[in-house]
Amino acid sequence: MNHLVSIDQLSQTELEEILDKARLFEEQPNRDLLKNKVVATLFFEPSTRTRLSFETAVNRLGGRVIGFSDAKSSSTSKGESLKDTISMVSNYADLIVMRHFLEGAALYASELNRVPIVNAGDGANQHPSQTLLDLYSIRKTQGTLYDRTVVMVGDLKYGRTVHSLISGLSNYRPRFIFVAPEELALPEEYKEYCRSHHLPFEETSDFSSEVIAEADILYMTRVQRERFVDMEEYERVKDVYRLTADMLSPAKEHMKILHPLPRVNEISTDVDDTKFAYFVQQAGNGLFVRQSIICHVLGIDVK
Amino acid sequence: MNHLVSIDQLSQTELEEILDKARLFEEQPNRDLLKNKVVATLFFEPSTRTRLSFETAVNRLGGRVIGFSDAKSSSTSKGESLKDTISMVSNYADLIVMRHFLEGAALYASELNRVPIVNAGDGANQHPSQTLLDLYSIRKTQGTLYDRTVVMVGDLKYGRTVHSLISGLSNYRPRFIFVAPEELALPEEYKEYCRSHHLPFEETSDFSSEVIAEADILYMTRVQRERFVDMEEYERVKDVYRLTADMLSPAKEHMKILHPLPRVNEISTDVDDTKFAYFVQQAGNGLFVRQSIICHVLGIDVK
Amino acid sequence: MNHLVSIDQLSQTELEEILDKARLFEEQPNRDLLKNKVVATLFFEPSTRTRLSFETAVNRLGGRVIGFSDAKSSSTSKGESLKDTISMVSNYADLIVMRHFLEGAALYASELNRVPIVNAGDGANQHPSQTLLDLYSIRKTQGTLYDRTVVMVGDLKYGRTVHSLISGLSNYRPRFIFVAPEELALPEEYKEYCRSHHLPFEETSDFSSEVIAEADILYMTRVQRERFVDMEEYERVKDVYRLTADMLSPAKEHMKILHPLPRVNEISTDVDDTKFAYFVQQAGNGLFVRQSIICHVLGIDVK
C-alpha cells in the first residue's frame, strides 16, 4: 500500500513521475479517474487552501469527498484516539488526506495501513504536497530543476516548507542562500544535511540587493509574531524581511518569487503585478500536483 | 465575464430572462448543465439557508461544491487578504458564490475578474439572489410584477432585502407602504430613490388593518433586538410589528405574505396554515432562481 | 411517507428486510440508486462518525449531500425554530438525516411530513441506525439474532444505544446481564419493559469473569465523567468497568465485543488485537446498514 508521508520517501524517479503526470492534469484537470471512490479530508487543524485544493482535485477526478475542516467538530473532541478515528474512517473512505497539528501523526496513521494516507501537513514536520508543488513551479518557470540558486527568506527555523524543499531539491545540484534573522535561522540539522549532501549554501541576515540579484528562485515565508520570544526583536526584524517592488530591479529576468501562502505582510502587494510574482500560479499548480499525488498513491494510471 | 454583484446591474430584460429560466428549473431542477464544473461557496459569515440553497442548486445541476461555511475555518483567520483568498480560490473553482460581512466585498472580488462572482450578501448592502427570488415569488403568486401594492413591515432601516426589492420593482409601477417604528424607518436615500423614480409611497408606524387591506404583497422582516440603542423602545415596538392570523381578515383574496427568513417572532405560527402564508414556498423558489443565476453568469444556455 | 424515527416503529419483517439489504450493500456498496437525489445531513450537535458514515452511504449510492455539522453555523443560532429549519430544507432535499440534542426532535420533524426523516440520534432518546448496525453485527458474527446472552456494561442509565438494543432484540429471545454502577443502573422503565416482554435479565455491579464467561455479545459503553454528581463515586468506578485483554480468558470462542464508539478508556487497546474485538468492523457495518435505511425510507428497491 502506497502512502505519501514525507518527501524523502520518494525516489527521484517517483518524484519526477509525479511532476510529469501533474503536467497532464494541467492540460486536462477533469478526468473520471476516481469514479466510485470516496476520499476523506481530515483536517485536525484548519487549512483552507490545502483543503480546498485537495477537494477540488478529488471532485475534478470524479470522486466524492467526506471529512471535517476542524477538529472541534470531530470525535477527537470527545477524547477519541487518532488510531480509532483513522480506523473508523478507513471503513468508509478509499484514501485519507490528513492535516494534523502533531508531528508524526501522518506516519502513525500510515502504519495502521488500512487505506493510503496522504500527509497534508503534520505540525512543523512535513507537507510533501506543498514541496511537490514548489518543485513543479520551479521546473515550470525555470525549464529545469537543476543548478538553481534558491534564496530562502524569513522564518527558516520553523518553516516546514523550507526544510522539505531543501530535501526535495537535493538531487538537483542547488545552491542555497538562507536569509533570516538570528532568532529564525535555519537549524543546524538542515545545514548539516546540506553539508553531507554537498549542497553549497550561504547564510546571512541581510536581505540585500546582492542577494536578490543572485536568485533564480526567491522563496519568501511568513515571519510570524508568535514565533518570537522577544517582541522587541520581532518589531525590529518584521519589516526587514518584507519584499517590495522597488527591491526587484537587480533581479534576473527569469527570477520567480514563490511563497507557500497565506502571506500577510512579507510580500508587498505592489509586487503582485511584476513579472517576478508567481505565488498565485504556484498555488494553482497545487491542484494538478495533488491530482497526480492522489493517483500515485492509489496506483491509478494517468495518460 | 459576467458577475452578479447587485440587482441594479441587471437590465429589465436580463432580470426577466433570469426569472423565465427559473421557471424552467421549477419544472425540472435536475439537469446536467454543470458537469466538470466546481463552484466555491465562500461564506465569511454563516448563512445556512442561502448556502444550502446555492449548494443544492449546484448539485442538482451536476456540479461539485467546495468551500467553507464560516470565516473561522478559513485562511482569513490567519490574516490573509480578501484579494489573496479570491485569487487562490479562482485557481480551483469555475464560479465563486460569496457571502461577506463587509459592504462592497463582492464588488471588490468581481473587479479581480478571475472567475464569475455571485454576491450572496455583503453586509447591509446587497443580496441580489434574494431579491430575484422575491420577484419570482411575486410574479408567480400575482401573475404579474406590475402595479402591485407592496406593504413592507418591520426593520426598513437595516433590511437589505427591503432596499433591494424597492430597486428590483422600480420598472413595474409599484406602490409602497412602509410600516416601521421611527427608529427603523426607511432611510431618506431610499425615499429619494422612490421620488426620483416616480414610485408612490406612504409611510406609517401604524401596522393597521387598513394597511393590510391594501396589500397585494405583505413583506415582513425581522425586528432585531441588536438594532436598538434604546431597549425600552425595543420592548415597546417588538410586538407591534408582529403579524397574527386574526389580523388577516381584511386581506385581499390573492394577498401573499413574504419574509426573507429566518423569522423569529414577527410572524406568528398561526399564520402558517392560512392561504396567505407563502414564505416557505418563497424560500423554495430560491433553489430555481439560484440555478438560473448560476447559468446566467456562466453563460450556460437553458431550455 | 416513510420515516425512521425509532427502532420500535419497525415490524420484525421490516427490520429483517433492512438487515438483509444491508448485506447486499456489503457485497457492493457502490450503486447508482440515488442519482439526482439530494440528502441533507443536519447535525444540530456534532457526531463525526455518524455523519461521515451517512455521507459515505449517500455518496456511494450516487447521491449528493448538503448540510451542516454543527448548529453553531446554522440558522438555529439566529433563533429559527426547528419547524422552519426543517420546512426550509425540505424545499431543497429529498431526505433529511438529522441529529439533535433534544429528545423528540426527529419525531416532531417527521410529523411535518414534508420529506422522509431519518433520526441520527435525538438527545438521550433514540438512534435507530446505531441499533440496526448493532443487530447487523450480532447476526453477522453469531449467525443468528436468536437466543443470545447479551452482557451490557457501563452507563446503562443514559446509554441511548443500550435502551434501543433491548427493544431491537425483543423478538429474538435474548437474555440480558446488566453490569453497571448503582448510579448508572438501567432505569426501572426498561426493566419493566423486559418483564412485560418476558425477556430474562440479571443485574449486577460486579464486572466479573463469571459474567464475561456467559456472554455471546459483550456490549461496552462509555462511563462519562459528566454523568456523575459525585466525583468521588466516578473516580471509584471508572476503572471497574474497563475491559482489558487479560479479562477475556473465560470468554466463549465466538464471543464478540461491541461498542457504539467513540471509546475513551473503557476498552483497553490491548483488546484490539484479540479475536473478540469487533467494534471497528461494527462501525464499518454502519455504512451498509445506513445505505439500506436510506433506500428503505425512500422506497428504493435493492437487489
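By written order: A, B and C. Residues from 1 in each chain.
Quick note on the criterion: contacts are C-beta pairs under 8 Å (C-beta built on N, C-alpha and C of every residue); 3 or more make two chains touch, one makes a residue touch a chain.
In UniProt terms, the chains line up like this: A, B, C = Aspartate carbamoyltransferase.
As the structure is a computational prediction, the values presented were derived from the model and not from experiment.
Colleague: Stepping chain to touching chain, what's the minimum from chain A to chain C?
Modeller: Minimum number of steps from chain A to chain C: 1.
Colleague: Between 0 and 180 degrees and rounded to the nearest 5, what angle rotates chain A's CA atoms onto those of chain B?
Modeller: Rotating chain A by 120 degrees superposes it on chain B.
Colleague: Using mean CA coordinates as chain centres, what's the gap between chain B and chain C in Å?
Modeller: So the centroids are 41 Å from each other.
Colleague: When you check chain A against every other chain, which residues touch at least two of them?
Modeller: none
Colleague: Looking at the complex, which residues from chain B come into contact with chain A?
Modeller: So the residues of chain B in touch with chain A come to 36, 38, 40, 64, 66-68, 72-75, 77-81, 83-85, 87-89, 91-93.
Colleague: Please output the residues of chain C touching chain A within their complex, sorted ascending.
Modeller: Contacts found on chain C: 30, 46-49, 52-53, 55-56, 59-60, 69-70, 261-264, 269, 280-281, 283-284, 286-287.
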